[in-house]
Each structure stands twice: as C-alpha cells, then as structure tokens.
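Please read through the structure below; I'll follow up with questions.
Chain lettering (A, B and C) follows the sequence in which the chains are written, and residue indices restart at 1 in each chain.
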Amino acid sequence: MAYAVLVDTKKCMACRGCQVACKDWNRLPAGATKFRGSYTNPPTLEAHTWNHLIFSETDQGRWLFANYACMHCTDAACVNVCPAGAVQRTKNGTVWPDPDKCIGCGLCVQHCPFHVPHLSKTTNKMGKCTGCAERTSQGLRPACVTTCPNGALQYGERNALLQQAKERVQSLREQGFAQANIYGENEMHGLGRIYILTERPAAYGLPENPCYSASAWIWQLARRPLGKLASVGLFSGLVVGFLRWRGDRIQHKGDNTM
Amino acid sequence: MKVTRREFFKLTGVAALAAVVVGCDWENDPVFSHRLEDAKEVTTICPYCSCGCGAICYVVGGKLVSVSGDPDHPINEGALCSKGASLLNLNTVYNLRTHDPELNPNRLDKVLYRAPYSQTWVEKNWRWAMDRIAKKVKETRDESFERQADGITVNRTKAIAHLGSAALDNEENYLLAKLMRSLGIVNMDHHARL
Amino acid sequence: MTNHWIDYQHSDVIMAIGVNTAENHPVSMRWIDRARERGAKLISIDPRLTRTAAVADIWLPLRPGTDIALLGGLINYTFENNLWQHEYVVNYTNASYLLAPSYSFADGVFSGLADGAYDRESWQYELDEKGNPLQDLTLQHPRCVFQVMKGHYARYDKDTVCRTVGCSPEDFERVAATFCATGAPGKAGNILYAMGITQSTHGSQNVRATAVLQLLLGNIGIPGGGVNAQRGEANVQGSTDMAMLFHILPGYLNMPQAKAHPTLADYNAKETPASSYWANKPKFLVSLLKAWWGERAAGDNDFCYHWLPKLDGRNRSHIAIFESMARNEIKGMFVWGQNPAVGGPQAELERKALENLDWMVAVDLFETETASFWRRPKVQPADIKTEVFLLPAAASYEKDGSVSNSGRWIQWRHKAIQPPGEARSDLWIADQLYKAICYHYLRGGVFPEPIVGLNWHYGEGEEEPDIEKVALEINGYDTGSGQPLENFTKLSADGSTACGCWIYSGYYNDLQDPPTKRRIRETEGIGTHAGWSYVWPLNRRILYNRCSSDPSGSPWNPELPLVWWEGGQWQMNDVPDFAWKDAPPEKTAGSPFIMLPELQARLFSPGMVDGPFPEHYEPVESPVANVLSPQQNNPVIIWWQGLGKLASSKEFPYIGTTYRVSEHWQSGIMTRNSPWLAEMAPEMFVEISLELGAKLGISNGSEVLVSTPRGEIKAVAYVTRRLKPMAVAGNMVEIVGMPWHWGYRGLFPGDSANVLTPHVGDPNTTIPEYKAFLCNIRRA
C-alpha cells in the first residue's frame, strides 16, 4: 500500500519547522548561505538539506509557501538510472537511497526532474529525503510532518490523502480560489507528495510537466537482463527521439521564486 | 486520571496508522531501527517564544542527541516551529565537514574575563571570578550607598544596574530579585520593557 | 493574556493587530486554524504582508503607529451600528458611571495638562454624599461614561480613520463588519497583540483601545475571547511576575517610594484599596518580607520593611538606566541573558554608555554584543576601562526550573544533560554570587544588615542549590511548621506566613506532586486542561470569567459554558474569578472584575498618565500631521536628553519599522549561533516596495544603507510586493521594514536595526518607539 505526504499550501504559514526537524532527525549539518532577496534558504536542496520551504510572490501580491522535497515518484528517474541499485522504491511508496550501495556516480542528480538528489562533497554519497523510513517503519510520521504546527503537512495512505485533497480543492474553489488544483496525482505516474495548490504549480516553483530524459530510460533498460536489452534495442532510436522531446519540456524549479 | 505519553499515543490516529505501516512488506526489505529507541526521554519547555510548547530531549550516554515536540503536550501536541525544532543546536551541532556531532563551538564553557583596557578575553576559574565580582559590587555599593535622603530611610544605591531576564527560570529570577533588592539596587529592568 | 493558546479554538473572529502570530508564535496557528475549520475568520492588521497576513482571511495594511486611529474607528463603528453588547456593557463595565463636570477633552488634549504632565484630578466620577459614584443605568445621561465615550469616538469616522491609517475604506469596512459582529451575545471575538501595539509613544493606550473595544463587544471573560498579549520570551511573563523591574516587587506590589511610603504603615495605608482583592495587599507584602528576611522580620521592626530600597520618584526603566549610564552615574552592571547592545533603542548611544561602567557582569550561553562592547567595530579596546566578566550559563534543558508562558501556565523544565564545561545554571551563579558578597560583608562594609541578614539557605558550598527550597519559598509556607501553603488565600499579615510571590502561591504546594510539574491532559471538556501544570492565579485559565455568563448566570454561549449558574449552584469548567461561594448570580453580577476598585471594567480609566480614553497621536517621527487633532504627539512624552534631534521628513522621508522573523529570536544571540536557523536567515535585510526600489534604483538582493539621525546601517535589500506605498492624508508614504536580529557577533554577523531607533518611549511604561520612526535609504 502506498503512503504519501500531503502538502496543503493554503494552510502552510512557512514557519519552516519542517526544514529544521528534518535536520534534527537525520543528523544533517547546516551550511553557509547568503540572503539573496528571498526568504527561501538554502536556495536549493543540498546533500545536507533534504527539504526546504519555497517562498514565492505572485504578481497579484500573494505570498505563497510550499515545502519542497523528494517527490517519491512512482516512476522515479533515480531508481531507474542508478547503476548500483542503490535507490529503490519500497512497497509503501518511499524512494529510498541506500548509502551503503551508493557509488557516487551522480546519475540520479543529473536525471531527477525535481532537482532533488545531491552529491555530498564530504562523503561522495547521494543525499536526499528518505521518507524518514526509519520512523515510518516504527509507526511514527516523518519528522517534517510530525513537527508541522497546523497540519499543513500530513502523512497517510495515499489514496485517502488524494481523496482528502480533492475535497479540499473543491472547497477552496467554492471559497473563490478558482485556480485551486492538485499536484502529484498523475505526475511521474503518481507522486508520493500530493500538493494542494491555489495557483498554477509553476507559481510555487513546481515543474508543470515533470518527466525524465531518454538516457535515464536507457539506463533502466541497461540494468535489465541482456536478452531483454537486445530486443528492446531495436526500438531505441525511436524512443530516444521521443523522450528527448519530452525532456526539453522540463521546467526547472526556482525560476520564479522570490 | 493521569494519561501518560505512551497511553496517549495509543489514543491517536498515529497508532492505528503505525500498525499498518509496520505490517507492510518492503521491497528488498531494508531493516530500520528507530535511532532514539533506547534514548532517555526528558521533558522540557521551549525557551523561545511564550507559547510554552513541550519538547522532549533524547539523551544517550549523557549526550543530547535530538529534541522534538512532546506529543502529550496539550498546547503543541508534538509540533514545533523552526526555532523549537532547532533546540539541539544550543548544545550540539553537526560539523559540516565530517557530519559528526560536536558541542556548539560558540557555546561558552569557561568564565571569561576582560581586564580594563585589555584587548582580549582570558579564561578564569569560578572562585576567582566570584570573589572579584563580589569585591567590585561591594566597592561600588559602599561608595554610593544612601542610608537616608531628606530625612527618610532609603537604603539604596543608584550606581549599580541590573538587567534581566526573561531567559531565566522563575526560581532564578526570584533569587536575583531578592539578592539585588537586599543590596539596595533600584536600577532594575529587563526584556519586558522592550 | 486573559485567555490561553488552546482557547483560541473557540473564537469566531480573531483579529491579530500588532502581532505577527504565524511568524513569531507559529504554534498559535494550530488553534487559530482549529477555529477556522469551524468557519472562524482571521484578520491580520500589519503594515506588511507578513506570513500571518499571507494566510489570513483579511489583511488590512496599517501605517505604523496608527493603531488607535483604527481601533477608535472600530469603536465608533460599533456605536454607529449599535453592535455593542448592551447587557454586558451595562452590567460589567463602568459605562453607566457619571463623570465629574470638571472632565473635558478638546483639541486632542484632556483636562489637567500642565508642564508636560496631566493632573488627573478632573478625571473622576461624580460622587454621591457617601462617596459612591453616581450611575445612570439607562446610559442616557450626557456625562455618563458611555455617552462621553461615544462623543469622543464620533470623530473617528471611516474617512478620517482611512486617511490616517492609510488603508482603503473597503478594507476598513470588511474588518469592521467582520470583527464588530462579535458583539452579538454568544459570539466570541479575540484580539491578539504584541509589540506592534506596545512599542509606541502611545503603546499603553493602544492596549487600552483593544480592551475597550473588547468590553463594548462583550468579548472579555468568555471562551474564545479576550485581549491576548502574545509575549515574546518563554519566561517574560515569569520574569515580570518576579519583578525584574524597577517599579514593582514580586507579585505586582508597587516598590516603596521614599516620600510616600517611609514606613510600612504608610505603605499599607496608601497602597491598599478599600475594595477589590488588593485589600489583602498587606498580607502579600509582609509574607514577602518574611520570605526574604526570615526570623529577623518581626512585627516590632516593621518586618524589616526599612531594609527594602526606596525609590526617589525618578524613572529607572531601560531607557532611563542608559541615560543615567551615559551621564556617568552608574558604575557597575549585571546583565543576564539580555543583549541591549543589539536590543536597546538607539543602540550606539547605549553601547557608548557602557564604556562609562567600571565593571560589567554578563551571564549568557554565547558571547553577546553587550559583553563584547569593548571590542565592537570602530572602537579601540585600549581606550575602554571597563572590567568585564562573562559567565557561562546553562541552557534551558541543562538545568531544572519553571517558566511561565503567555497564558500564565507555570510549567516545569527538567534537566536533561549536564551543561558543557564549566557552564552553570543561573540559580547556581546567583547562589555563589550571594555567598561571595556575603563573605565580604560579614567582614564589614556599609550597612551590611540586609545582606548578611538575608534568609538564604539553598545549599552548601559550591553544590547546586536545592531548587525545591526556592520553589517552596515562592509558593509560601507556614513560618511555624515550614509546611507549604495551599495557596494565597492562606496568607496573613502577622508574620505567620512567608511567601516570595503571592500570585504563584499554589504552584508548589505539594512537595511530592507539585502542581507545576503535573501532566494530566483533559480527555473531555473545553480545552482547559486544569490538570496540566499550574496557572496563576489559583489555576484559573480564563480571567474575568464571571463575564462568560449573563447577570442571571446563564452562559452567553450555551455551547461553551465556562462558569454558570444551574440547579441552584455554580457549575464550572474553570476556577471562578469572583467571590462565588454562597453567592447567587444577582450577588456577583455587579463585581466581575475583582482586581479593580469599581469591581467593574473601566471603559474610562483614570489610571493612565496620558488620558482616560485612548486618543490617536502621531509617532514622534512622522511624515504627516495628525488628522484627528492639532495635538501632533502624545503631550506627556518624556523627552530624554540622549534622543538628540528628531528626524525631519524632508531629510528622512520614509517610515522605518522593526520586527522579527520566525527563524530568529530577539537580539539573535541564541539563534544566530544555531547553525540550522542561521542558514535559513543568514543576513540583515530590509524590505521595501517595488515602487520605492524603482524610484531609488535599488534592485532586489543589492546592498543598501539605511540612515536616521542616530546612525547608519548596511543591509541587503528585499524589494517586494508585500509592501505598498500608502496614501496618508493626501501623501504617498513608503515603509522601510527591517528585522532587528543582527549584531557584530555570532555565526552570521550583521548591522543592528536598533542603531536607527530613537531613545523615546511610552509615558506610562517607557517601552521604546521601535515601530515607527523616520529614515532614509540609498544604494550602498
């Protein structure tokens, strides 16, 4: 059964408890940062920053907040490209990186459409949100969810959260947020983070049509037994062309954050 | 009736969820152990704003290893904001280079003394410092003490000031209020005025 | 706070004015959102689109320092639309009292002003032959408080208010219609405030204005209502209760004044009112003196009353202390967990004043800017004479002790780990300090008696003091048996009881199971959690709770009864805040405010130094003239010498205002040294509108210089849509917003906003006017 985190951006007040609680639980250090004309800081995820809060201003003067972290994609580029099999998707939907297997090749960093994984300069291992697997396997919620003061982050069974999100979006539309929408239902065949938004995803720094590039797909094939690879190889030229076209449409997050 | 934390936990939806998650079947079955399972838990109250949120300090071998919200606490029910969630850092930080925990390098752990016109701090021991401070207090108080003013007993010194503190506990403030008034100090103020 | 955090869940409308609750008290949003899930509305009134405003249902941008104009507008709206809670106002307030004919108000000034101070003689009620105030329960008499007040606020019409505040009439109308609707019986409106209200030259009157509005709407003493001051520090409530202030002793007993109170008898005669619970004051003071001087305090020596220092009538608050220090009158200073070199107004003046000290003892977790003032930028340590002791303190979880939150909950913190190295608890430091000083006074000195005679036995030698002994002393004990007192109703004035802080009596009355350490959650009820910790006074969670029911004892909101009369007796979800035993509703309806001599709330208050009604004045530095009266500023402001020349709007055209962010705390010394927090908010920044950025050629993320006559600071510009130019009395005014968390030490140093702020404050409290001053800004 798949589990997920629900991010209700309409509730979030950007206290950033999530950003810090993650570091406490996962024993992550802080780095040196600069103020760059936005409260978003560190400006991107890092090998030692697994979630951060994105602050965005709209032209209409709204200030939007969204917790950003690994999306735990159903069809995850990092899982597919990892030559060491160090990233796996567990049955409860967590895309879990195994530091013991990671060889530091950086392919996951290149291919993630959400710019989530980063290589640590210290350990040369990939670092990203683990879904707090050691907590969830013990019946605790992820650290970011547990610390959230007002339920802007929730953890639970994905289908139930999706249903909850749909009802919430309906209610927001009735309250006058005509743009209210859900993000994560179908992206990458379904994300492990469901967002309730009141503006278009891009306004929060979320890629509108995330997908990963052809080479990632090739990597996925390469990992399979050789016989299969040969038969699939016949079609590879066609497939590469198609996926490259899709890849160009990836929108990078952070472009419109302030 | 007293409701303990463990009991309370069972009362919440978290426990129901827990049963499902624990029972789930992991692909490749990574085995996880809860890193704070054997830690000693000590309850505290966040020292930042005045919400009075409860937090739990997790202690292993006399070292603080994590601080998170107290799920039993009626005000925050396990939640903490960024400041509350950062409480570990007042004592322990993770080294950016090694990722190892270490005492916050900026924490004061020795008495520091700066002599008049000196360029630097020097380390001193408590006994020396307390005796020196006591002599300075006595010198200033004795020079400035007013027994009477306009024929009225006033017993005060206006030459010493005392600031603080909303960062101290009630019992600490109380002792200082008592001590400073016994010395005749009237210049007293703190954060509440700012 | 009259109410408490969890109680916010019962509000129908929450108005956050001068408080950025989502940012500075994030967990409050847990309970605000609980209310909103039921349909409650959150209003944010703030110059900037803060994180609170961003999530609120209504945001009204207000020009800094114009809160009374807005609140006065809401009071007037309440009258004009007949939204006031009639039965509540008639019975529970002084609305019906007649004012003496000598009271008057004209041109922004109340009667009695002479030489920069008010003679308050004319702000009185008209009395009958027996000395009781005359009343008109129909509220029709032209000199009754109600009518005079209605007349006073008639000037605060929508147009005038909007021209002063700088908001649109539509925004005003939305706020007024939403909030004032809570005047309906059974509805709960909640006002939250913090330093946006208090840090002003009319800050106390800002607070009064919130209270007056809440009384008119019947919102005090009810679940989900109240005037809730969200205090800034974990124990600023407790440190205030313990009187770390010049003007009071623990438990809000006024400090003795030399002229007025030369003897205990004088003190009791002048400080003890005939009515109200304060009639017990002599018991509180004598018990305090017994706690301090033990057996030496006896009836035949006025319980050592003469050992207490007596004030000379002069102000000795923060600003006054630094003015005095600048005049070279102060030689030594203790500073505990406080950092005035960053947090004090006109910081350069205060830093410079520290150079006049012979010695300073600073106690903290980290090296503060105050402790290191002698090596701050641009000074030569070799020129500074001060001897400085920087003592390493234990952090909150490295020691035992209690703290009092905003809702007056006294909660215990347990020691989790040893402090690092030689760091020690402040309790230990205080104990050692006493012992060291006492050692020298036992060998002679000026008037050693109050010191060597102090009742101080908390531990031997250099061991950690026994905190339980301190707690027992605060709680109070029988001086004969040494047994803890149940609570302050057991205190006496004959020396048979000792009590360090009467309002805390009860918090540690059972040594085996002290109430302050209790952790019993409520499983059903209205969120009172009476078994969790101890709340002063008497474990009462919502103050003035007689007002939660109508005069006949029926709850205004039957869904949320707090204290109510049913079946011939009082039923309660909280500890009643009135003399309820053997007292049916009709006997208690006229006395719901037991701490006031009237026993009823004061819409008109003779107790303030600057007027019985809140009146709008401009901040001392303002770009516009007062629209409401020819009186530009509060006429009784104390003008300190250190303030110097005020900024003119020609040279300094923009309104500066200071505030905090979620990621930092106060002067930042703890949070700037916490890497997880510092990386999120690493540098000093200022916020300006897109319009001002474009006009001055300042781009987002570039460096700027901000200046006032007090100094200049460097910061990074955040050019944002969250600030807008405001139309004020025909002018467009711009705001320069800045957090005040930075200084020259810590992981991420930066310039301090308080270099810019003025040495001037509220005439009642002298809280500095940090929230509104004039400044200029340019590219660096």
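Keep this in mind: a contact is a pair of C-beta atoms (placed from the backbone, for glycine too) under 8 Å apart; a residue touches a chain by one contact, two chains touch by 3 or more.
Just so you know, these numbers come straight off a predicted model, no measurement behind them.
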Query raised in the report: What are the two chains with the most C-beta pairs touching?
Result: B-C
Report task. With centres defined as the mean of C-alpha atoms, identify the chain lying farthest from chain C. Result -> A
**Report entry** Separation of chain A from chain B, taking each centre as the mean of its C-alpha atoms, in whole Å
**Finding:** 36
**Report entry** Averaged-CA centre spacing for the pair chain C and chain B, given as whole angstrom
**Finding:** 22
Query raised in the report: In whole angstrom, what separates the CA-based centres of chain A and chain C?
Result: 44
Report summary line: In chain B, the residues touching two or more other chains are 67, 76, 79-82, 84-86, 93-94
Report summary line: So chain A residues touching two or more other chains come to 15-17, 19-20, 23-24, 29-31, 149-150
**Report entry** Of all residues in chain C, the ones touching two or more other chains
**Finding:** 26-27, 30, 662-663, 675-677, 680
Report summary line: Given the complex, residues on chain B that touch chain A span 14-15, 17-22, 24-28, 30, 32-35, 37, 66-69, 76, 78-82, 84-86, 88, 93-99, 101
Report summary line: So, in the complex, the side of chain A touching chain C is made of residues 10-17, 19-20, 23-24, 29-39, 41-42, 57-59, 61-65, 149-151, 258
Report summary line: Listed in rising order, chain B residues that touch chain C in their complex are 1-3, 8, 40, 42-54, 57, 59, 62-64, 67, 72, 74-77, 79-87, 89-91, 93-94, 103-104, 106-119, 121, 125-126, 129-138, 140-145, 147, 149-150, 152-194
Report task. Write out the stretch or stretches of chain C touching chain A in their complex. Result -> 22-23, 26-27, 29-30, 32-33, 49, 51-52, 54-55, 661-663, 675-685, 700-701, 716-722, 724
Query - In the complex, chain A residues that touch chain B - result: 1, 3, 15-17, 19-21, 23-25, 27-31, 48, 88-92, 96, 98, 122-123, 133-141, 143, 146-150, 155-157
